[in-house]
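Next, two complexes with chain A in common: one pairs it with chain B, the other with chain C.
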Partner chain A sequence: MFLQQLVNGLIIGTMYSVVGVGFTLIFGIMRILNFAYGEFYMLASYGAFLAYSELNLPLWVVLPSMMMVLFGIGALTEKSLLKPVRQRTLDWSVPIIMVTLGLQIVLQNLALIIGGGTFRGVTTYLKGSLDLGWVVVSYERLLILGVSVILLIVTYLLIQRTKFGLSMLAVSQSRDGALLSGINLQRVYTLSFGLSAALVAVPGVMLMPLLYVYPTVGQVPIMKAFAVTLLGGMGNVEGAILGGILLGISETMASAYVSPLMKDGVAFAFMILILIFYPAGIGPYLQQMHQKVVHR
Partner chain B sequence: MKRSEFVILIFSLCLIIVTPIFFRNEYFLHLLILGALFAQLANYWNLLDGYMGLINFGYAAYLGIGAYTSALLSIHLSFPLPVCMLLGGLSAGIIGVLLTIPCLRMVTFSTAIVTLAFAEIARIVATSWTGLTKGEMGLWGIPSMFSGQSKIPFFYLAFSLLFAGAVVLRWIIRSRLGIAILAVREDEVAAITSGVEANQVKLLISGISCFVAGITGAFYAHYIMTITPGLFSIGYTIQIMTMSLFGGKGTFAGPIVGAFLLILLGEGFRFMEDFRLLIYGLLIIGVVMAFPTGLVGAIDRVRRILWLGGKRE
Partner chain C sequence: MTEFLLKISHLHAFYGDLQVLWEINVEVYPHEVVAIIGSNGAGKTTLLRSIAGLHRQRHGSIQFQKEEIIHLPPHRLIYLGLAEVPDERGIFPDLSVEKNLLAGAFSLKSAKAVESALVWIYKMFPILQERKYFLARSLSGGEQQMLALGKGMMTKPKLLILDEPSSGLAPVMVARLMEYIKRIHEEGTTVLLVEQNIYHALRIAHRVYVMENGRMVLEGSSEELFRNERVKKAYLGR
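Let's turn to the complex of A and B:
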């Protein structure tokens, strides 16, 4: 029972990590909270529903195509809505948060008008489950685990090893410093906004059988994204990965041993408790430990 | 007080007194009452966030705490209503101070999410503690403040609360405390080295701000007479934030203008039925893209262009 819950929490936690990484990336680079993030998830979910159950496309086509579509939507949003605001004012953090708030309302209502308020979704992508004796995992959850682990590794490598990733890191450390080293800020903003939307497209596709899809479904992932970002340290990618897994495990434990109704409440209380002892999130402590180990 | 401010004060007072005499439409009065309540909330959210820079994304929680405290006290213990409202405000204020204590150690945006998480916890507690709050069914049968169906007494009370709140806010900002608040926002370390007790200022202002939210929530409970856990939801917080930012964060007139404008516009688009909220969202995006510093900032800019003075940005 305990192990089963642990494994379930771990699997859902890796998805939360993906959600959190996309959100924390944008916070680190642009110093804004993207309130329309949940709506990107919602768009991907609707897209997956249409492609998978109406057009009967296989999942291995749906997932990458949704990522590409959302990358386009994200980059376009940045270029058409956020760039003009940035050009008009120096202190653009708050106005841009407002624009994302407005975008959230617009996208939710667009979905409501076009798709109606009904819950839609497919029951499963994969049937059957793997019985190991001490724990039972459905193939679908294994697929979720596999996809998110691969995605997290690829994202991590993209940030740490490629030139684009390094320029993102530079911008998040110091905007002026990055500008002085000849990094094209505008390009970094646009591409990282697209990347963030593409990341959240994956949970949008993969979690659709669990959460279904309806116009306000975005409220669920954005709350998780907030929690993970805070837990991991604002703008800290490694912290977000660990934070997502912690959140997933604490949620499943709470729902198994306290009450399913109190699931989110217990998870949030746990989060606040951690923050009382580690006010900057767990990410910075992780890095300190890492450095100690490396330099020994 | 400058002469122009005095003129605006007298003019708005007259407008408030005269409005219910000419507009007998109950629905319009209801909208104005809601506008006054939201203006109050936006004002005091602005005190916390715009003036002091302590970001609070869970402001609706204090609204809900005030509403539920006051409603439960009046239903079960049948205290007189002013006492209930005061106790509702006090409980919200105390909880606000208690939540600010851990926030003192955190970096700016972390407080945003801690407060958000707190509001979610409060909402979940209000939903699942069905014995006390009746859960999603909502608490109904809350005693009303005034007997009779007319909305006019509510109108005057709501606007006098808003008026008193605005005067107190103005006084706080103009006092030594106000200078301390601005110093904390601009540079906390510099403020502390100049002898400002930054943590005490933060706790005091959180207390005041949450107290007002609690009182407003209590007023709402005794005005609408039914409340649901939806009152704690992030939707209300976002609405309050939007009003404050739409009008101009960190300005005095901004939140009031924003609250009334958005309430009336939101209703004005009702003839568009399903498209109402869509247009509302597009409007927010459009205004922010055109005037990133909010409407009041835009007015200041126009005045500067016309050589009429106006504040520097």
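Let's turn to the complex of A and C:
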């Protein structure tokens, strides 16, 4: 029972990690919270529902195409709604946060008008399960695990090993330093916004059978994103990966051993507890440990 | 007279309605070291930020190799051969020393050019090679300034602009820093620096501008200024 819950929590946690990484990336680079982040998830979920159950496209087509569509939507949002604000004032953080908050409401209302308020969804992408004796895992959850692990690795390598990743890291730490090195800030902002939306498209597609899709479904991932980001340290990618897994496990445990009704409550109480002792999140401590290992 | 490398004419800068720079004229010729000195609040940092385009409320003319650059976005300048180390050093505290240098070489296209730049910088600043896997934030103030210089030099720019490189450093480190700046100059890079430490500025620079309250009040060779009564009184305490 305990192992089963641990495995379930770990698997859902890796998806929360993906949700958290996309959110924390934008905070790290632009120092803003993207309140429309959950709505990017919602759009990907609706898109997956249409493509998978109306157009009968296979999942391996649906997933990458939703990532591409959301990359475009994210980049376009940045370019058409946020960039004009940035160009008019140097103090753009708060106005841009308000723009994303407005966009959240507008997209929710549009979804309500176009799609109606009903819950939609598919029962499952993959049937059957794997019985290992000590633990039973459905193929669908294995797929979720595989997709999120691959995505996290690819994202990590993109950030750490590519020139674009270096420019994101540079911008997140010193805008002047990045500009003077020849890094085009506008371009980094636009591409990172696209990347962030493409990342959250993955849980949008993969979790649709579990969470269904409705106009305000974005509330669920954005709450997870907040929790994971705070837990991991604002803007800290490694922290968000670990934070997502911690949140997934604590949610599952709370649901199994306390009450399914207390799932979110217990998980968030746990988060508050960690923040009391580690106000900057666990990310900075991960980094210190990493430094010690490297320089021993 | 040779062609100027950087020519600033009739530059005025503002913070909202407040004017902070008036009618600035500065020329820098190839293979010079030029210093701008002045007390706190004279507008030196604003001037350097205006040149790089980090401060945009300004008008006038800034020409680099005869090309007008005042309307260019700041990230284009390094492609022309103009590098600047800003007042906060412009390094990335949570990146390793090596990644800081690689970011400094962002404008270089080929991997080979980046690799040879890295070798060259490590030869010039051996301490950076020793510390290459350390986070920039874990370096001492002097080492961080070395890193800032190294990062600024990765593209071997024609002009390197430094904003108070000696600030916050121990005297022995300042002396070493000045040696490094001389070395950079010998490698063929022209240097424009802002200094509060007048002795160092007069010793290292060929020509010096004196700034007061947002205006240039004096200009001359270091020897001239060293003998100038006004400079003696105001800055050298003699």
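Here is the rule we use: the second predicted complex is superposed on the first by the 296 of 296 C-alpha atoms of A that agree within 3 Å, B and C clash if a C-alpha of one lies under 4 Å from a C-alpha of the other, contacts with A are read in each partner's own complex, and residues count from 1 in each chain.
Convention: contacts are C-beta pairs under 8 Å (C-beta built on N, C-alpha and C of every residue); 3 or more make two chains touch, one makes a residue touch a chain.
This is a predicted model, so every value here is computed, not measured.
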- Using the overlay on chain A, decide if chain B and chain C clash or can fit next to each other. fit
- Query: Which of the two partners, first being chain B and second being chain C, lies in contact with A:Q287: first, second, both, or neither?
  - Reply: second
- May I ask you to decide whether A:I183 touches chain B, chain C, both, or neither, giving the answer as first, second, both or neither? second
- Look at A:V7 in the shared chain and tell me whether it touches chain B only, chain C only, both, or neither; answer first, second, both or neither. neither
- Message: Quick one: is A:L169 in contact with chain B, with chain C, with both, or with neither? Answer first, second, both or neither.
- Response: second
- Query: When the two structures are laid over each other on chain A, which of chain B and chain C touches more residues of chain A?
  - Reply: B
- Counting only touches as set out at the top, which of chain B and chain C does A:M234 meet: first, second, both, neither? first
- When the two structures are overlaid on chain A, which partner does A:V85 contact: first (chain B), second (chain C), both, or neither? first
- Once the shared chain is lined up, is A:I105 touching chain B (first), chain C (second), both, or neither of them? first
- chain B versus chain C - smallest C-alpha distance in the overlay, whole Å: 8
- Message: For the complex, give me every residue of chain B touching chain A.
- Response: 102, 105-107, 109-110, 112-114, 116-118, 120-121, 124-125, 127-128, 234, 238, 241-242, 245-246, 249, 274-275, 277-278, 280-285, 288-289, 292-293
- So in the complex, which bits of chain A are touching chain C? 163, 166-167, 169-170, 173-174, 176-185, 287, 291, 294-295
- Note on the structure: So, in the complex, the side of chain C touching chain A is made of residues 52, 54, 73-79, 83-86, 88-95, 99, 102-107, 133-135, 138, 151-152, 155
- Within the complex, chain B is touched by chain A residues 27, 33, 35, 81, 84-85, 88-89, 92, 94-95, 97-99, 101-106, 108-110, 112-113, 219, 223, 226-227, 229-230, 234, 259, 261-262, 264-265, 268-269, 271-272, 275-276, 279-281
